[in-house]
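Below, chain A partners chain B and then partners chain C, in two separate complexes.
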Partner chain A sequence: MTQPLLQLEQVSKSFYTRPTAPYELFRWRRPARLSAVEQLDLTVYRGETLCVVGESGCGKSTMARLVMGLLHPDEGQINYAGQRIDHLKRHDRLAYRRRMQMIFQDPYTALNPRLTVLHCLLEPLLYHQPQLTEQEALEQVFQQLLAVGIDPALGQRFPHQLSSGQRQRLNIARALSVKPEFIVADEPLSALDVSIQAQILNLLQDTANQQNLTFLFFTHNLAVVEHIADRVAVMYEGRLCELTSSRNLFKHPRHPYTQALLEAMPQLTTSPQQGAKLMGDVPSRLQRPLGCSLQDRCPYANERCRHQVPTLFSHTDGGQTACHALQEGRIKP
Partner chain B sequence: MSPFEVSSHKLWRRYRRSQVMAHLKAHRAAFVCAIVLLLAIITALLAPWLAPYNPGDLSAHDIMDAELPPIWQAGGDSRFWLGTDGLGRDLLSSLIYGLRTSLAVGFCAVLLQLVLGVSLGLAAGYLGGWTDRVLMRLADLQLAFSSLMLAILALAIVQAAMGAASYSIWAPWILVLVLGLAEWPQYARTLRASVMAEKQKDYVAAAELLGFGDWRIMLRHILPNTLSPLLIISTLQVAHVILAEAALSFLGIGMPYYTPSLGGQMRDGFEYMLSGSWWIALLPGLTLVLLLLAINLLGDWLRDTLDIQHQDGPSL
Partner chain C sequence: MMPLLHIDDLWVAYNGRGPNQPVQNMLHGISLSIQRGERVAIIGESGAGKSLLTMAIINLLQEGAFIRQGKIEFEDQVLNQLTPEALRLIRGRRIGMVFQDPMTNLNPLLTIEQQLVQCIRSHRRISYQDARTIALHKLRLVHIPAPESRLLQYPHQLSAGQRQRVTIAMALSLEPALIIADEPTSALDVTMQAEIMHLLNHLCQSNGVALLFVSHDLGLVAQHTDRSLIMYAGRIVEDGPTASLINDAQHPYTQGLIKALPQHSRPGSRLYQIPGQMPLPQQVGPGCAFAPRCPYTTERCLQQIPAPQGPGGHQASCHLLASDAAGDSHMGHTGGSL
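For the complex of A and B:
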């Protein structure tokens, strides 16, 4: 857990608005810029499970796609096992493709509707190991199916004939079929029933332990974080607010946003409010204010927060936060 | 049972139990249309055995038999059920052979359109960028020409260059080529739109992440998921091409006059219309209407069925 596997250095990615209605073509207007991810610094160590939490639209999916190379960063660089990978052409990237795999949010659209369960798993297997005989390939596929808890008798079914839990299991089996060392999971539970979420989560955790996988897990569900994370990165509006171990995050959250996030977690026991309570609403991503993105909602905001973007700084226990108030000691840590 | 291949017996069982069959039975008009089309295709295929005479065999005709009415009319001859044309040829035989020409030209031209349109549309939609821009501007250019006008131009030039004798041999193939080339944008545009929609879906990203090559992703993952719009356009295009062939033959630049085609027969019959021999023009016309109606209704039904049942649509 000391060797860095994935390093993001000052990674930024913006999208531009397009005219959505015909009349907008005749209005002279510069396309608005939406910066989905801004100057992100993050290191994932080999063998750990790093959770990225944040509300909808904070740039989690963009980050996942940047890491997987489905999107290319505007600025910054991404290193994988010490090699820079973000600028690689498609062909050169192939060497890294099989080492990292992704599990998608919607298990249904992530499966080709015209491939049966068996074909879905046979295809990657035979593509990468064409020397396998039919019998060997089938045997391996059956093992993969059993490993994720799908009855091989369902092999001839199409994705629309499976339950959503089975679909997500199939997605996991497909991702594992190329024997990756690193898995990026983009909210793999949010499209599932609550009763199935726990099963899938346990499945992910078990495979991670058995095969010594490194996990980058994107979620907005704090209960999931508490369950599986070694470290947690809290994201707000495309930036990191806090990066700390899972235990510290839940024991004493530092950043005002993290405190509010934990406060918003529904709990069975009512405890007196401790942390910050946020005011207002999430600002529009198109008209981003200068300075800290939390400035309008944070009770501790002052003049500096309105002009200068906070950067991550380390605390004595190894946790990192990006907050002027914390750094200046306006909030007692 | 090997999962790699499905035996033909199993395919047939799957087809019998499939929803295509159930939907077809539930929809009576479509069922009738399917039967009409099937009969037309069988008739066209078996023309040499079904037709009483060979319209191409000039020695078999007698000019004395010219303009005989159908047998239910006064003066009808029992040898010629549907009467004869101005040269004494049996109209029923001409209709059967004409149907053969029309269907052959229709299916072949649509096949050519399909191959061209699908490959160009797939390339434009998947590769995007400059490939897309160039191909789509070419498609715009092609659509700006009326395909009939283009066909007239091309056929007239070819006819002049080759001379009537050699043209008549190549006429069907040239027709197929011209009609096939003129309408590829119909396919290319629809396919491009479907491909772009499919490309957004996660399963394409997943295929990319598994390391598959462009060809495999295009042909094995995206193309099979764009089949339903292709199927619908194909049925409508067959009708369109048959009509275009009939129109060109009617104008005298399609099939040579001694090769029976439905459009050509209508043109021939047109000259006898005023002398009272209505059947020479009307019967080929009715055949054409029936054929096109069946194909169009079938296409409409197919579109409705595939649209409503998007998720559990017929497994094709």
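For the complex of A and C:
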């Protein structure tokens, strides 16, 4: 728990708009910059489950892809177990691909429709461990299938012949098949129904406990976060707002955005909740205002919030928030 | 008092794919009624037939699907026997719809003003200016900032939350008696979801509009509805006041759904899981649809379809409730733990 496994240091990534229609090619216009992730500092410790929460478009998926090396950061660096891993060559990357694996959101599009269940699991295994004989590899595949609760008799089936729950199990089996130590899961539950969600959540937790895996879990579902997370990072518009232990976050949310998120979380009570705390919409990412990105929706915003971007600062209990109002004591922490 | 909407033993089926293929039943004898001003939720997993039911109510079934049997009564009219012309007078005017995806729901080629005015003027003989005034008023009702300038914009210029507000404004523009909202917030973010739910609920309550709310999320509807119906594989398995349904669920499926929510278990502990998955409505066996996944299944469950049981307004379709002695000892009480 104390040893850092993954470190992001001042990582930024921007995208540029492209002409969307042919006639736009003839109109001179500077491509607009969309900064997806901005100066992100985050450390994931060995053996913990860190959840990243945020609304759609806040940069969660970009961050997952940066960590996995599917995108390269514009600025900053990413360290894994003490080694710098951003901008690695394809060949050098290979060693890390085996140690870190990803579970994607949509269990159907993440699977190759032309590979059977067995081939889908055999491929990564034989690619990363070419010394295995086919017999040994098959044995491992069967073990993996049993471990995630898929009947090995389904081995000859194609993804379209599986149910969505089975597909997500297969995705998890594929990620686990190369025996990684670190799993990045990008919204692995959002495409599933409630009764299947519970099955998959249990499976993820069991494997994490048995194999002492480190999880970086991206989600927008706070109930899931409360259930599995050790620490939680709340993201808004590409920046971190709050980073604290799961228990503190749910008992004592500090940042105005975190408070609003918790307020908006559907509760299984029939007593009326207060209305949403935040008014207005998420601002357009292409015209980011100066200062704090929450300024237009935050009831505590003042002149400083409109001009200066808040940075993370630590509280006495180890939690970190990025908010001028909290730092100045305008909100009681 | 006559209910606003009354559905009696509704069966919806699809034609078989080939000439000799049998007809496939998708909805198996749905009965429900909604009073004026009542807020009702239909909850179920994807494929349970929730959307099919709402489409059957306003007779917008897709090709191949047809109402096999049953009656849909709405304000003294039988909807499934009306001519298309008569139906058109009801859709939009008496029954408003809010669909899931606000982008595909609005016409991308028309401005907000054109759409709203078109909608109002196709049902009421009033001048363009009057219709525009109504449209503006409805946009204010749904808290759209600067509605005058929004009227001139196209759907793609609005954010997802604002688009959904426009759809709600459109559904309200003709002062319907019933609004059917089919997963109105699933395309939206959590903070926006809370706001839209609040708005929809508030507007329906203050105008006395009945709301039929379709969702897969029990937690979301808990605070916003008076009554909930749980659907499973094309049947309604439980029907009761939302509070009593959540605190004292009778059907094993409802109990399982509530127990499976992560909100209600200790962080880090194992969640309750319902084994297996929901069968397709056309593949349900002769007995109770939930029997293959139910922890209390008996021989009878596999043979015979259970009838709704229970006192007054809270009914569940389960054999265990009929044989009460066995029922009490078998079925755990979820009420206390929630």
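Just so we're on the same page, the second predicted complex is superposed on the first by the 321 of 333 C-alpha atoms of A that agree within 3 Å, B and C clash if a C-alpha of one lies under 4 Å from a C-alpha of the other, contacts with A are read in each partner's own complex, and residues count from 1 in each chain.
Assume a contact is a pair of C-beta atoms (placed from the backbone, for glycine too) under 8 Å apart; a residue touches a chain by one contact, two chains touch by 3 or more.
This one's a predicted model, so the numbers in the text were calculated from it and none came from an experiment.
Undergrad: Chain B versus chain C on the shared chain A, clash or fit?
TA: By the criteria stated at the top, chain C and chain B fit after superposition, with no clash.
Undergrad: Between chain B (first) and chain C (second), which, if any, makes contact with A:Gly165: first, second, both or neither?
TA: After superposing on A, A:Gly165 lies in contact with chain C but is clear of chain B.
Undergrad: Have a look at where A:Leu122 lands relative to chain B and chain C in the superposition and call it first, second, both or neither.
TA: first
Undergrad: Please work out whether A:Glu263 is in contact with chain B alone, chain C alone, both, or neither, and reply first, second, both or neither.
TA: So A:Glu263 only meets chain C here.
Undergrad: Looking at A:Leu138, would you say it contacts chain B, chain C, both, or neither? Reply first, second, both or neither.
TA: first
Undergrad: Does chain B (first) or chain C (second) touch A:Ile196, or do both, or does neither?
TA: second
Undergrad: Could you read off the angle at the CA centre of chain A, spanning the centres of chain B and chain C, to the nearest 10°?
TA: 80
Undergrad: Look at A:His220 in the shared chain and tell me whether it touches chain B only, chain C only, both, or neither; answer first, second, both or neither.
TA: The second partner, chain C, only.
Undergrad: Of chain B and chain C, which one contacts the greater number of residues in chain A?
TA: Larger number of chain A residues touched: C.
Undergrad: Does the superposition put A:Ile228 against chain B (first), chain C (second), both, or neither?
TA: In the superposition, A:Ile228 contacts chain C only.
Undergrad: May I ask you to decide whether A:Asp296 touches chain B, chain C, both, or neither, giving the answer as first, second, both or neither?
TA: In the superposition, A:Asp296 touches no partner, neither chain B nor chain C.
Undergrad: Which value in Å is the smallest Cα separation between chain B and chain C when the structures are fitted on chain A?
TA: Minimum C-alpha separation, chain B to chain C, in the superposed model is 11 Å.
Undergrad: So in the complex, which bits of chain C are touching chain A?
TA: It comes out as residues 45-46, 145, 159, 161-162, 189-195, 198, 216-220, 222-223, 242-243, 246, 256-258, 260-265, 267-268, 270-274, 277-278, 338.
Undergrad: Mind pulling up the chain A residues that touch chain C in the complex?
TA: 55-56, 163, 165, 193-199, 201-202, 205-206, 220, 222-224, 226-229, 246-247, 260-261, 263-273, 275-276, 278-282
Undergrad: Mind pulling up the chain B residues that touch chain A in the complex?
TA: 2-4, 201-203, 205-212, 216, 220-221, 224-225, 311-312, 315
Undergrad: Can you check the complex and tell me which residues of chain A touch chain B?
TA: Interface residues on the chain A side: 65, 68, 70, 94, 97-98, 100-102, 104-106, 109-114, 116, 118-119, 122-124, 127-128, 134, 138, 155-156, 158, 160, 171, 174, 178.
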